[in-house]
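Look at the two complexes coming up: chain A is in both, with chain B in one and chain C in the other.
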Partner chain A sequence: MSEQEYSGLTGRIVQYTIQNSADVYRLGFWVGLVSFIMITLFPFYWLLVLAVTPDNQLYQMGVVPENFNIGVFATVVQEYPLHHYIFNSILIATITVIVCITLGSLAGYAFGRVDFPGKGPLLVLLLIISYFPGIAFLIPLFELLTGSLSILGTPTPDLYNTPWGMVFPFTMLSLPITIFILTTFYSQIPDGLEDAARVEGTTRLGALFRVIMPLSAPGVVTAAIIVFIGVYREFFFSFIMTDGSPENWAVLVYGILNFQQQHTQMYNMMAAASLIGIIPIAVLVIIAQEHIVRGLTAGGLKE
Partner chain B sequence: MGEVNLTDVRKEYEDVVAVEGMNLTIEDGEFVTLVGPSGCGKSTTLETISGLTTPTSGTIEIAGRDVTNKPPKDRNIAMVFQNIALFPHMTVYENISFGLRLRDFDQEEIDRRVEEAVEIVQLEGMLDRSPDELSGGQQQRVGIARAIVREPDVFLMDEPLANLDAKLRVAMRTEIQRLQKELGITSVYVTHDQEEAMTMSDRIAIINDGELQQCSPPLECYNRPVNTFVAQFIGSPSMNLFNGQVDGDDLDVSDFSVEFDTTNTPLQQDDPVTVGIRPEDIYLAADAEDIAHPSRPVTVTVDVLEPVGDQTYAYLLSETDGETTELLMSVDPDKDISEGDAIEVVFSRDDVHVFDGRTGDAITHSLVDATAVVEEVAVEGEA
Partner chain C sequence: MKQKVQQAVSPIFLRIEQLDEAKYGFLLVSPVFLVLSVLAFYPLVKTLYFSLQDDDLTGTHPIGEFVGLENYVQILSGDANAILSSPFFDLQAPFSSALIVTLLITVVSVAIGTVMGLGMAIILNKEFKGRRYARTIVILPWSIPIVIQGMMFFLLFQPSLSPFVEPLANLGVFSDNPLINSQDSTIIVILIDIWRKIPFIALIIMAGIASIDRNLYDVAEVAGATKWQQFRMITLPQIKPVLFIGMIFYTISSMKIYGIVEASAGCSTVPTLTCLVVQTFRQQRWATASAIAFITAVVIAVIIMVYIVRFREADAS
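So, the complex of A and B:
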C-alpha cells in the first residue's frame, strides 16, 4: 500500500507534523518558554510602565506607555531618602544572615553529623514550628520586643525603632529553613575530613568552621541568599517594629509604603522605588548565581 | 618517645561490643599492624588511640601520658586515612601545613618543614596544585606528608592503601615501610589484608570479634599460630583444617589419619582435635624423600587446578564412605598432574599443627617434636 495523500490545509498540516515531529517539539518548547518568560517578566514590565507614566495620566495607563517620564527615578532618589531605606534593609538583612548562618551552622552540625537521642523528634518539631505563619507570633513578639513583658521582675528590653527589633523575629522565622539546608549539606561531608581536621589539631568547632563550612559553600551561600531575600522583602515585622522614619531603621518596604499617604497615592514613585530596590538583590543573585544553582541541586544528588 | 599502651580497653556501641579486653603495648619506633576481618574492631581500636572515639573503659597512654580522655589534637598523633581525606578546598601546601598553621608555627619553620616532608614523599613542585589534580598515589603521599610534617609521637594508618590499585599498593607499601624505618616513628597500621600485615610489620596484632588473638612477629604468627583463627587468617591460601579425634597413636580426621605420639601433650584418647596443614606443607607422595618426616600417603582426586605462575593451587578431594573432604595444596607447576587424576600426597609432619577441638587453641606446631606446646605462645600477646 502506498502512502496515503492528505488533501486540504488541515490534512497537509497533519501530514507535516507527523513527518517532522522534531519541529513540532521545538515549536512546543518555544511556545512554552515564551509564555513562561512573559508570565514572569510581565509584572516587571508593568512596573516599569507604571513608573514612567506621568502621574496625571495614570488613570488611563495602558500596556504601551504613552508618555515617558524618566525623571521619576531621579526624583525618587533625590527627593526621598530611598538610599537610607535601602541601607537599613541591607544592614538588617546582613545581620540576620550572619546570625542565622552562625546559629544554623551549629544546629546543622549537630543535626547532620552527631547522633544524639531525640534528634528525629527535634527535627520534626523544628519543621512544625517553621510552618507556623509569622503573624501567629506577632502579639507575643511585639510585647516581648517593646519591653511590655517582664521576666522575673526584669522588663524585657525595648527594641522598638532599633534594628534588633527586626533582626530578632527575622532570625526566628529564617532559622528553621537555614538549619534544614545546612543540615543536609553538612551531613554530606565525609567523616574522614572532619576526623583528619581533628587529628591535625582542630576542635570539633574548628573543624566545622575550617573544613565543613568551606566545603559546603554552595549550601551556605544558598541559605544566606534565601535568608537575605526573605528579610529584604519582609513587610510585616518591618512595619510593626518601627515608626517608618529612616532614622529609626525603617526598611525599604516601609519607605515605599510611605509614598502612599492619606490623600495622595504616588503610584509612579512607588513603582520607581520598587525597581531601584530590586537592584541590590539582582546584583547579589547574579554574583552568587553559580553557588545557588549548585546549592539547590546538590541536595538531591547522592554521590 | 612514642610508646603506646592500651590497658583493658573496651568499647561498646549501644548493644554491640566492638572491642573488649584490649591489652597492647607498642614499643617506641615499632611498626605494629592491627589485622582482622572487617568488623573485628581493629579500626575502633585505632580510633581509640587517635581519640576520635573515647573507650567505654580502660586507659590509653601515649609516650607515657594518659590520654584516654584527651581530644585528638592534644595527643600529638598523626593519621593517614583510607579515603585519604585531603581537604579539597586547600592546595597541597595548605593541606600539608594545616596542622602547623593551627599550632602557630612561624612561617619560616612551616616552609622548611613542608619542604622537607615534600622531599621525603617525592612530591616536589606540586605544592600549588589542588588535591583533585593529583593521582591516587600522589594524593596518598600528600596525606603521608601531612602526617609526618608535624613530627608526631605516633603515626596511625587506617587502611591507607585500600583505595589504590594493586600495583600502586605494592609500591606504596614498600615506600611506607622505608619511610617508617627512616623516621623511626612508632606506627600503628590497620588493614584487613594479611599479606600487607605480613610484609610490613615488626609485629602483627590479630584481632577477631573485638578481642586480641595474638600479637607476634609475622613469621611467628605464621609458624606458631595460637589458635585456629590465626592459623586460617595468616597465610595465603589459608591453612587446611580438619576436625577429628585422638585414636591411639593417630589423629583420626574424617577419612585419613596422621600418626602422632600424644604422650607429651595434654591430649587423651578420643579428645577432639583440629589438625591444620598449610597448602605448602603438602607434597606429592613421589617427592616424599625430600622431606624429613613424611606422613602416611593419602589417596586423593584432583578436583580443580589454579595456576598462579610460580605455583599451582590444587584443590583435592579425598573420599571414603561417601564422605568428601576437600584439601588445598600448592604444587610446583612443573609437576605433571591434571584435573581428575587420582594421586597420593603426604604431609610434612614437622609442619602439621594440632589445635584443641573444643577451644581451637594450639596444642603443637609439629607432630615430630611435640614439646612445642603452646602455652608460652598464647600469653605473648598480652605481655
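So, the complex of A and C:
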C-alpha cells in the first residue's frame, strides 16, 4: 500500500487509527464515558444553577450562575411545607415496604423452596399484573378505595386523602417485583441449612423467619430498596389518590407540581424543591448502589 | 396470659407442621393472592366490565346500561373523538392523537435508548478507576421521582430562562416556546424518556455481558479478531435474550408514559394514551375511559407478541 493513499487530514486520521488502534479504542472509551456522565448530570446541574440564582435574575440565564442565593433551600422548607410532602412520601413508602416484604417473603419462600402444583402458572399470573398499565386498575380501584362502592349494603371505607389510599395501590404494583427478587434469593440458599434447623426442632414457619430470612437478608434488603424507590418515584396513583394538600397526605408529586401550578414564576423554588426531593433517593443510591443493580437485574431478568 | 396465647396458637402451628408440601406451598402464597385478588384481579375484571357499559353523565353512578362492544367501536372508528379531550387516532392531526403520539414516543425512545444503553453497558463493564462512582452517577436519572424528571426538562426548556431555547429556535429545531408546541413537546418527552431509561436498560445488558464466558474472547483474541469483530460475533449474539427482555420492559414502560408529560408539557400538549384515560375518567366517562385502558393493554400485548415472534425467528436463524 503506497503512502499516497493516506494523504489529506482524513487519510492521516485513518492511518493513525490503523497503526494505533489500542489508543483510539481507549480514546473512544473515555470520550464515551465522559459524555454519558455529562448527559446524565447536566439536568441536575441546571437545577442547581436555577436554584441558587436570585429570583430577580431568573431571565435569559447562562449555564454558570452569576450570583449565589443559598437561602432558597431554607425558604422552600420554611414558607412551603416541602418537608411535609417528603415526610408523607417516606412514610407511605416505608409502610408499603413493610407490607410487601411480609407478604412477599411467604410467597417468595414458597416459590423458591417449596414444591407445589401450579407454581408456574401462579408466577405467570404475577407477571401479568406487572404487565397491565396502571390505568387498567384505576377506575374500580378508585371506586373501591373512595367509599363509592357498597358491599352487601355497607359502603367501603373512604380512603381518599389517607395514606392507605396510596399504600393499597402501591402494594399491588410492588408485590410482583418483590416476589420475583425474593424467589431468586431464597432459591439460592442451600437446603442443608434449613434441614439442620428443622432437625433441631424448629417449626416450618420458625425455620423461615429464623433461618431462611436472616440468610437471605441481602435479598430482603434489595427488595426493600427497590420497592422504596419505586414508591417514592411513583406518579400515577400519588397524583390521583389525594387532593394535593400536605395535611391530606399528598406526597412529593404535589410538593413539586404545586409550584408549577400555583406559583408559576418561582423557577428557583421549583429547582430547589426538586433538588431537596432528590436527596433521600441520592443517599439511598450512593449507599446501596450494589443492591439496586442486583435487584433490578434479578427482578428484570426473571422470565 | 402468655401461656393462654400459646395454647390457642399452638394447634395452628401443629396443623401447619402436618400439612403436606403442596398444601404448605398454597398456604404460604395464599395471603399474596388474596390481596392481589382484591387489589388487582377484581379491578382488572371490573374495568373490562365497565368498558362494556354506557357512560351515564346524569345518573348517580357514572356507569349506565350494557352496550356490548359499542364503546370500542366508537373509539376505534373515531366517532368517540368528539367527546374525548383529544382524538384517539386521527391521521390528520398526528401530534394530538393519543395512539400515534404514544407509539411515536415509544418507537423512537426504545430505538435510541437501547443503542445508547448498549454503549453505556459496554463502557461501564470495563475495569477502570472510579467505576463504582460512575455507576452510581448513571443510575441516578432512573431512580429519582418521575415528577422531578419531568420538572427538570420543564425548567430546561422554559423560553424565558433557558440558554438553549433561542439557539435551537434559530436553528429551526424548535419553535420559540417548545413546551406549548405539540411537536416540540413530543420530542422533549422522548428526550426525557431516553435520558431516564438508558441506565435501566444498560444495567440489564450489563448483567448479560457479565454472564458471557471470558474464554470466548481469549479464543477470538488469539484468532486475531478486532474489538469490533469480537463485539459483533460474541457479545451481541450472547446478550440477545437479555436485550430482548430489556427492550420489552422498556417498551411496556414507555407505552404507559404519563407522569413526565404531566410534569413537563402537560397532557393537552402531549396527549398520550394514559393522559387520555385520566382525562376521560375526570369527565366522569368511566365506561369510555375503561375501554381506552383496555385498548392500551391490547396494543401493548400485540407489541410484546411481535417482540417474541421476532426473537424466536432471530433465535432460529
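Operating definition for what follows: the second predicted complex is superposed on the first by the 253 of 303 C-alpha atoms of A that agree within 3 Å, B and C clash if a C-alpha of one lies under 4 Å from a C-alpha of the other, contacts with A are read in each partner's own complex, and residues count from 1 in each chain.
Note that in this section a contact is a pair of C-beta atoms (placed from the backbone, for glycine too) under 8 Å apart; a residue touches a chain by one contact, two chains touch by 3 or more.
Remember, it's a predicted structure, so these values are computed and weren't measured experimentally.
Partners chain B and chain C, brought together by superposition on chain A, fit side by side with no clash.
Contacts of A:56 after superposition: neither chain B nor chain C is touched.
Looking at the shared chain after the overlay, A:190 reaches chain B, while chain C stays out of its contact range. By the touch criterion stated above, A:274 is placed in contact with chain C alone, chain B being left untouched.
Looking at the shared chain after the overlay, A:232 reaches chain C, while chain B stays out of its contact range. Across the overlaid complexes, the C-alpha centre of chain A sees chain B and chain C at an angle of 100°, to the nearest 10.
One of chain B and chain C touches more residues of chain A, and that partner is C. Residue contacts after overlaying the shared chain place A:203 against chain B and chain C alike. Touch criterion met: A:168 reaches chain C, while chain B stays clear of it. In the superposed model, A:262 lies in contact with neither chain B nor chain C. Put simply, chain B and chain C get as close as 5 Å, counting only Cα atoms, in the superposed view.
Within chain A, the residues touched by chain B in the first complex and by chain C in the second are 203.
Chain B meets chain A in the complex at residues 50-52, 71-73, 77-79, 81-89, 98-99, 102-103, 146, 150, 156. On chain A, the positions that touch chain B within their shared complex are 190, 192-193, 195-203, 206, 211, 214-215, 217. Chain C makes touch with chain A in their complex at residues 13, 16-17, 21-26, 28-29, 31-33, 35-36, 38-44, 46-47, 50, 61, 119-120, 123, 126, 128, 132, 134-141, 143-148, 151-156, 158, 160-163, 195, 198-200, 203-204, 206-207, 226-227, 242, 245-246, 249, 252, 255-256, 258-259, 262-263, 273-274, 277-278, 281, 286, 289-290, 292-294, 296-297, 300-301, 304. Interface residues of chain A, counted against chain C in their complex, comprise 21, 25, 29, 32-33, 36-37, 39-41, 43-44, 46-47, 50, 58-63, 103-104, 106-107, 109-111, 114-117, 119, 122, 125-126, 129, 131-142, 144, 148, 168-169, 171-172, 175, 179, 203-205, 229, 232-236, 239-240, 252-253, 256-257, 260, 267, 270-271, 274, 277-278, 281-282, 284-286, 289, 292-293, 296-297, 300-301, 303.
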